[in-house]
Amino acid sequence: MPALAPPRVDRPGPDIAPAYAYVRDRTASLCAPLAPEDTVAQSMPDASPAKWHLAHTTWFFEEFVLARFVSGYRRFRDGWDYLFNSYYQTVGPMHARARRGLLTRPTLDEVLDYRAHVDAAMRRLLVERDDAGLLARVTLGLHHEQQHQELLLTDIQHLFSLNPLQPAYRESRAAPTSAAVDLRFVAGRHGVVETGHAGEGFAYDNEGPRHREWLHPHAIANRCVTNEEFRAFIDDGGYRNPVLWLSEGWDTVCREGWRHPLYWDDDLETTFTLAGRRAHVGAAPVCHISFFEADAFARWAGARLPTEAEWESFAGELPVQGNFADSGMLRPLPARSTGGASGGPLQMFGDVWAWTASPYVGYPGYRPAQGAIGEYNGKFMSGQWVLRGGSCATPAGHVRASYRNFFHPAARWQFSGMRLARDA
Amino acid sequence: MPALAPPRVDRPGPDIAPAYAYVRDRTASLCAPLAPEDTVAQSMPDASPAKWHLAHTTWFFEEFVLARFVSGYRRFRDGWDYLFNSYYQTVGPMHARARRGLLTRPTLDEVLDYRAHVDAAMRRLLVERDDAGLLARVTLGLHHEQQHQELLLTDIQHLFSLNPLQPAYRESRAAPTSAAVDLRFVAGRHGVVETGHAGEGFAYDNEGPRHREWLHPHAIANRCVTNEEFRAFIDDGGYRNPVLWLSEGWDTVCREGWRHPLYWDDDLETTFTLAGRRAHVGAAPVCHISFFEADAFARWAGARLPTEAEWESFAGELPVQGNFADSGMLRPLPARSTGGASGGPLQMFGDVWAWTASPYVGYPGYRPAQGAIGEYNGKFMSGQWVLRGGSCATPAGHVRASYRNFFHPAARWQFSGMRLARDA
Amino acid sequence: MPALAPPRVDRPGPDIAPAYAYVRDRTASLCAPLAPEDTVAQSMPDASPAKWHLAHTTWFFEEFVLARFVSGYRRFRDGWDYLFNSYYQTVGPMHARARRGLLTRPTLDEVLDYRAHVDAAMRRLLVERDDAGLLARVTLGLHHEQQHQELLLTDIQHLFSLNPLQPAYRESRAAPTSAAVDLRFVAGRHGVVETGHAGEGFAYDNEGPRHREWLHPHAIANRCVTNEEFRAFIDDGGYRNPVLWLSEGWDTVCREGWRHPLYWDDDLETTFTLAGRRAHVGAAPVCHISFFEADAFARWAGARLPTEAEWESFAGELPVQGNFADSGMLRPLPARSTGGASGGPLQMFGDVWAWTASPYVGYPGYRPAQGAIGEYNGKFMSGQWVLRGGSCATPAGHVRASYRNFFHPAARWQFSGMRLARDA
Amino acid sequence: MPALAPPRVDRPGPDIAPAYAYVRDRTASLCAPLAPEDTVAQSMPDASPAKWHLAHTTWFFEEFVLARFVSGYRRFRDGWDYLFNSYYQTVGPMHARARRGLLTRPTLDEVLDYRAHVDAAMRRLLVERDDAGLLARVTLGLHHEQQHQELLLTDIQHLFSLNPLQPAYRESRAAPTSAAVDLRFVAGRHGVVETGHAGEGFAYDNEGPRHREWLHPHAIANRCVTNEEFRAFIDDGGYRNPVLWLSEGWDTVCREGWRHPLYWDDDLETTFTLAGRRAHVGAAPVCHISFFEADAFARWAGARLPTEAEWESFAGELPVQGNFADSGMLRPLPARSTGGASGGPLQMFGDVWAWTASPYVGYPGYRPAQGAIGEYNGKFMSGQWVLRGGSCATPAGHVRASYRNFFHPAARWQFSGMRLARDA
């Protein structure tokens, strides 16, 4: 863990070179606990091998920076663009997503050579040029890589969870076992509000344009839903009562045989974490739940999920602080009372991504970025739901109040949790 | 076709008995062109056999009216609630949806006896009582049955389309082949608007509560997108260009081999209709397209789909008139210029359901109805998109400006079309 | 049930015209208890709708007799060859097997008209000509139709079994509930034997050529395995013990959740029959078991299944008598002791088809018939196992000692049972 | 390649210790060209990762030798029996076959430690004891390991073939490009023959008991079918003509889109080999074909496949010599005329496994071995076909004339080819 604050990656500027070095190094560091074998396997089509993450993030700089900003740049290897393009149809065809786990070649060492090659070229480029277009593109690349840092962790956790040996990615110190902060609801603003990204810092295209929206009177919980609260839902037959569920959620419960959140054991005593299988911490946020489970819990609790605009209207007034990946815990922790101070909501950033009641669509006036980069976000605007706030696996400095994450409603392998809201 | 206007079913009142008789009779009439064999088959899990529609709508009155409002009511047959409950988990378990086509028993004649039995009991009940709770429930049942009238037609069309003999459900007179009305965009209101159902007439729970919403400056097309416009999209390679599509849409195009709207032949000359296979009418609205196709066409055209609030802000000011099922055409017709009159949008009601840019979720403050009836709409609020305005297969009098239909984004067997919108 | 013996269909001859009339009429009679609705549905890809059986058997005569033996014959309807060709690639393309249940048109009445049309043409032809080639082909068509008579019954039973109303195809009188005949093993011949069809009567191409085979010393049981014997296997954990099963059988048990033969209820008290759900008859042959179940039972019993050559060496010396469809029982009956007489095996013909230990392949020197008829049997010689002896749903006069039926090893919806054998 | 002949493993005896050392070392040597990453991935459920092969063969000795013959033996690691048991239900539950590729742990190094641990224990045991039961079990283990040596190669070839980089497992010298030996048919014995394993050497249980069988007059080809002969079948439309195929074969051709043998490119110019993609050698045996393709080719050629008894009656009189894995070529080679000498069939051993016309079932009187070892062969006796003679990936000394290999009829990733036969 760095003793000093890491370089900021939230705005293009003169510190881009150290930021680049820092982010790139951090990705490689995440692989230090892994054997070469661990970096190969793909546990499901939604996940990717660690080796692929290492190569794809490198390809992103090669394809979208070096090949476009360095005249005469020679790619490290012919054909690797086909292997490591994720989904940019504009750029060319790509290896089938579900078969990434069959790419035993290039080996980990070859991929690390690829990283070194691209990093060297990037260093040269960043010494020579500092025009705005370049800096903006590099900044995007760094945010892209930070997203994959989180995915690398969630994908390794999923892979290891399926191994009967239940290996640990990395030991971590015990979580504090304090009691949960009392649940309260905090009233929000209503009427016309402005929402979406404002200001000069970096943001993805899907965070804008900033626009007006009408908020209805509402309140949100002062902290996340905890494991022990979710346990009460289970004990009350939550997973056996179709009336609590959206229709597609109930179909999923029945088809998949869900009886508890992902990674819990059937006795509801432990959860599989990046530090191996561990006893539940009752006051810690419930994690690895789908949108369907979050929605059903909220209905059971006589509440609902917040909309993303409601969430953002609270978060926009808070500092972006919380239990991020840089803490090294890599698991959500109980909310800590801040001594009766502000009374504002806790855990808005870090710990667990909060499912919202908002399907992921474009804001009014939304225009994707031009060219291949326009495929980054816009084309996923169907069938997914917005999550907000980052998690214990998100790099510090990566998220913002306007940051919109999105996943399918049945996805559970992310560090996804929930916060209650209600009409006021 | 009735010479006189049919009884109104849009509000509970003293004319409920004739309305009941009219709607129930109309469902049976829709089956007149069918052989008993035609009423058995289920062409896909999303569709239901005509015989099942006849029985399920009857079960709805038996379960939600007679069993609850008539003391000592005896059900027509034991066990039929299991067969003909669609998805009301609160009421009890049900036959698997995908296996409805295996229910050769009860036969059509037995189902018609069931209808007669329930109709007789309903007639007696409606003579004896007129309390508000009863009238509201019966009105709901009639709207429910009208929805199934439309589904019965779309499901038969789908079934017949898969028969190599390409049978016609019913002949109809030729569609007028006038040229298309020139395309224009009509500016809408912006700022804070009220949207959702208001007033005393019947509405489903999902049409309310009426609430405020912020509309951004926008305009919508004066008519639906036509076959010939959609043909230009195809000719321009629309189905081969991934950049035009949402990611899940493109996956669907590739997996299903889509090359044109459902029911078109591969030479793009004809479409399969309820009157059999017919030549395209270029100026008629394109129909049987998915949300994905509507969205891709709009992107290709440099426009977008309207949100449901935008659509409703236009429609709320127009009379509910158009090419509905009662015209007997059962296919969308070219828009007819209204002589330079108002200049307002044409074809807002009838012809084709208009896909909107809005995922189907609850309005702010939405509460499902109490009890089993609460399962009617609320539990489907994930993964579907809103359509507006009714179609040529919708019974006249069934839709309203606030009416929210919803289907999965890949669904094409409904009379679904589109209207363009754009930011202003 | 005919008071007189039906015309023989086992050899082409002058009685072909009455045989034709008898067999054709019998098929139609089998549909008498069915409503038109019952004739439409297809309960699984392996089964066909009754209406399809009626039409396909008619197409067989139209395609393979009338179109080839009657100059200028005009087919009843254009396009029906596509609908009712089952699998004769030589003749032309065909409707997808799994979609036969969507063919609501032509209706049952139209199919009966088709039958009448073809029957009239056949009658004329059989008056005019009696050459050997024609008679052989017509005889084949009659045997073909008899096979479909059995399939029509098994397919209706399967369809009705999936209907929660559990309808009966036809009531039948109660089965005798005598005790089972004591189980004994009867020694067979060994050394070089001749096997396969001999003589002048009709046989399918796959019954020949007659050839020599070496039989090892062996014995077979004097009767079929009974329900009560099979019940003992279940009670002993037979369905939970992988060691008793072939590997693919065990996979099937686990995947399908098999716990008992098809049509038994989970309490092992009743079975679903063509007369509806009925109490087990303990001494009656176990029925509706797969090859995998027969094989596992035999292993549990310390025995094995007979090879088809072993079976045939016994059967060839017995009269072809037993409980066939003409008895009207349509369910297997307990073996009746023949008073200590011959001591030979009972129930070799009728009651249940006996699974053998022999995969279905061609005999040495086997040559399929020339032309499209060659597709009748030969192309199915992989992945299936031979059954022998006919069942309670087989028309009397249809089977022979050399008759080879064949099904996939997991198939259970036929009247398939078993007889034990062992090395001597 | 060893300069001296390897120790014999075909009979238990005093040379068991060097044989053990030789075979075990050979397996590890096969992994020398692989990166750790290559040993993890599973390209399809039928294949296994190289690392799994290394561990499973070791588990076989631990489970079936050390745990049973060494009192107090402590297993290397708890829980690994669950990971590395393949299919022995008698021994206990096992990891799902299709998920072997997710076992990134234990790592390759840990698996090699496992091998060292077991090898040391085995060496001690073989010094101390030489009783017949032990020697027989060890000999079985060595043959088992040799089978996995071949599978390891075929599974790596399959995995690498799916990598767009098309990596080579190991370079090999060019194949000789001599012209094909002229095709002739050699008459075989007929009448009663004895077949199956005889004598004292090692054999699997499924090779016995030796028994009599009646052979019909027949002849077999003097060499395997070649690439250029198979190319003529393709050029003649073999893959487009359903009449040539078994029904299940044709279904497979259509569903899988087969147009040529596995590993051929669509231009029919090259094949993917363990040495990477290489130009075809016309006179070399066609390889990587399914039973269905072999059967269709034979029908097209007016011939048939030999039965396994026919094949064995020829092979039993020949020395077991040919192009085995020890040659290092790892690809089939053209037959070399032996100078007009014996005139007997060439290529009976090595090069490619020959599909036979025989479904894989037990011989008359077959009894599986007692206990868990009885699961080795017997439970696979449904749905598979026998192949004979070994291949270029089979270790020398592993096969015999009585050796019965078996695979599903659609399997193509083995070194499977064909030889014609015909009735005489």
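Each chain gets a letter, A, B, C and D, in the order it is written, and its residues are counted from 1.
Keep in mind that, in the parts below, contacts are C-beta pairs under 8 Å (C-beta built on N, C-alpha and C of every residue); 3 or more make two chains touch, one makes a residue touch a chain.
Bear in mind the structure is a predicted one, so any value in this text is a computation, not a measurement.
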Message: Taking contact as defined at the start, I'd like the list of chains shared as neighbours by chain A and chain D.
response: none
- prompt: Can you name the chain that lies farthest from chain B, using the mean of each chain's Cα atoms as its centre?
  reply: D
CA centroid of chain B to CA centroid of chain D, Å: 60
Task: Averaged over CA atoms, how far is the centre of chain A from the centre of chain B? Could you give it in whole Å?
output: 38
- request: Sort out which chains touch which and give me every pair.
  value: A-B, A-D, B-C, C-D
Message: Per the contact definition, I'd like the list of chain B residues that touch chain C in the complex.
response: 35-41, 43, 51, 79, 82-83, 95, 99, 101-108, 159-160, 162-165, 167
Statement: The chain B residues in contact with chain A across the complex are 87, 89-90, 192, 211-214, 216, 242-243, 245-250, 291-292, 295, 357-359, 361, 364-365, 375, 379-383, 385, 409, 423
